[in-house]
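Read from first to last, the chains carry the letters A, B, C, D, E and F; within each, the first residue is number 1.
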Amino acid sequence: MPIVHIHMFEGRSVDQKRELVRTVTDAIVNSVATAPENVHIVIHDMAKHDYGDAGKLGCDAQ
Amino acid sequence: MPIVHIHMFEGRSVDQKRELVRTVTDAIVNSVATAPENVHIVIHDMAKHDYGDAGKLGCDAQ
Amino acid sequence: MPIVHIHMFEGRSVDQKRELVRTVTDAIVNSVATAPENVHIVIHDMAKHDYGDAGKLGCDAQ
Amino acid sequence: MPIVHIHMFEGRSVDQKRELVRTVTDAIVNSVATAPENVHIVIHDMAKHDYGDAGKLGCDAQ
Amino acid sequence: MPIVHIHMFEGRSVDQKRELVRTVTDAIVNSVATAPENVHIVIHDMAKHDYGDAGKLGCDAQ
Amino acid sequence: MPIVHIHMFEGRSVDQKRELVRTVTDAIVNSVATAPENVHIVIHDMAKHDYGDAGKLGCDAQ
């Protein structure tokens, strides 16, 4: 705890996820005063046809 | 915001997901008075062996 | 199943939530071919200071 | 209702998930006094590169 | 990891939640072969007007 | 999208949440190459009796 879920489009590399987890953990530790080992992050990849915005699928957006 | 997560069995077509996102967005816009561009929907597909109901996996149910 | 989570700003009335649950259930039933009794919806109210968009809290947005 | 989401590393067998769903449902039924048919469980598998702990990806941990 | 979210109607006592967390953790540890200290559980209380089943709010169900 | 959910113990001030949202958004924008206006964050406060770790409630931990 804190427990974090991040939902984003698939296609990011493991290096980008490594950087994401490192910097989001830092941001949380510094802003709400907790230890890094308390921060647990789950990344959820989404296909573009599994996201809807303003009533449209991500795969149909311009 | 509103942010919506829908968890359902895998196997629906992109056309069904397109219709799902369009009509769920309409339902939200009309019932809680928000603009369509505020509605973000994430669809999560599940395998039948990743769902439990009444203590039984979906793949074991009759 | 389907299982739905809707996160939105607090302040909606029970009547609005009743209409939300009724119409979102209809939208799901009609678009992905399931029975109404399979649709479970959890509504999560958020305070404006518990939502961030573009790096700003909802209570700070114009 | 209760609705349960379990996020864990991928690689468990269907037999392990069957046991998981059976015993978690029992635990809930016995501790909060509800009927088994009210308990809905969604299992979410994660790759080791989709989990962060203490700022490090699961695939980088010793 | 595993990370667990349990959504249920409000009104359970702290003693019931203590038993819930103890027995659900045991169930997970025994079925998927992990250590207790890896199991993180978040309990989410819901009001009856924040749950919809078969298109009806929990507060309207008989 | 990305959509982020952060679950943490209640008691943080609005100023801490403002800093949390600002710096987590920056971390995401810089690590996975997206625009700030695509980042939506929901903060979920938890009571200590609504969190379980290693089979114990947060309110019982030393």
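Basically, contacts are C-beta pairs under 8 Å (C-beta built on N, C-alpha and C of every residue); 3 or more make two chains touch, one makes a residue touch a chain.
Predicted model only: the values in this text are computed from it and were never measured.
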item	value
Between chain A and chain C, the fewest steps along chains that touch one another	2
Relative orientation of copies chain C and chain D, as a Cα rotation angle in degrees, nearest 5	180
Same vs different contact residues, chain A with chain D, by half of numbers used	different
Chain centre separation in whole Å, for chain E relative to chain C (CA means)	20
Whole-Å gap between the CA centroids of chain B and chain C	12
Chain centre separation in whole Å, for chain F relative to chain B (CA means)	24
Contacts with 2+ other chains: residues of chain B	1, 3, 7, 20, 22, 24, 26, 40, 42, 44, 46, 51, 53
Topology of the chain contact graph, where touching chains are joined (line, ring, star, complete, other)	other
Pairs of chains, among all present, that meet the touch criterion	A-B, A-D, A-E, A-F, B-C, B-D, B-F, C-D, C-E, C-F, D-E, E-F
Complex contact set, residues of chain D against chain B	14, 17-18, 20-22, 24-26, 36-37, 39-45
Chain C residues within the chain F interface of the complex	7, 44, 46, 49-57, 59-60
In the complex, chain B residues that touch chain C	1-9, 12, 16, 19-20, 22-24, 26-28, 30-34, 46, 51, 53, 58
Residue numbers on chain B that touch chain F, as the complex places them	1, 3, 40, 42
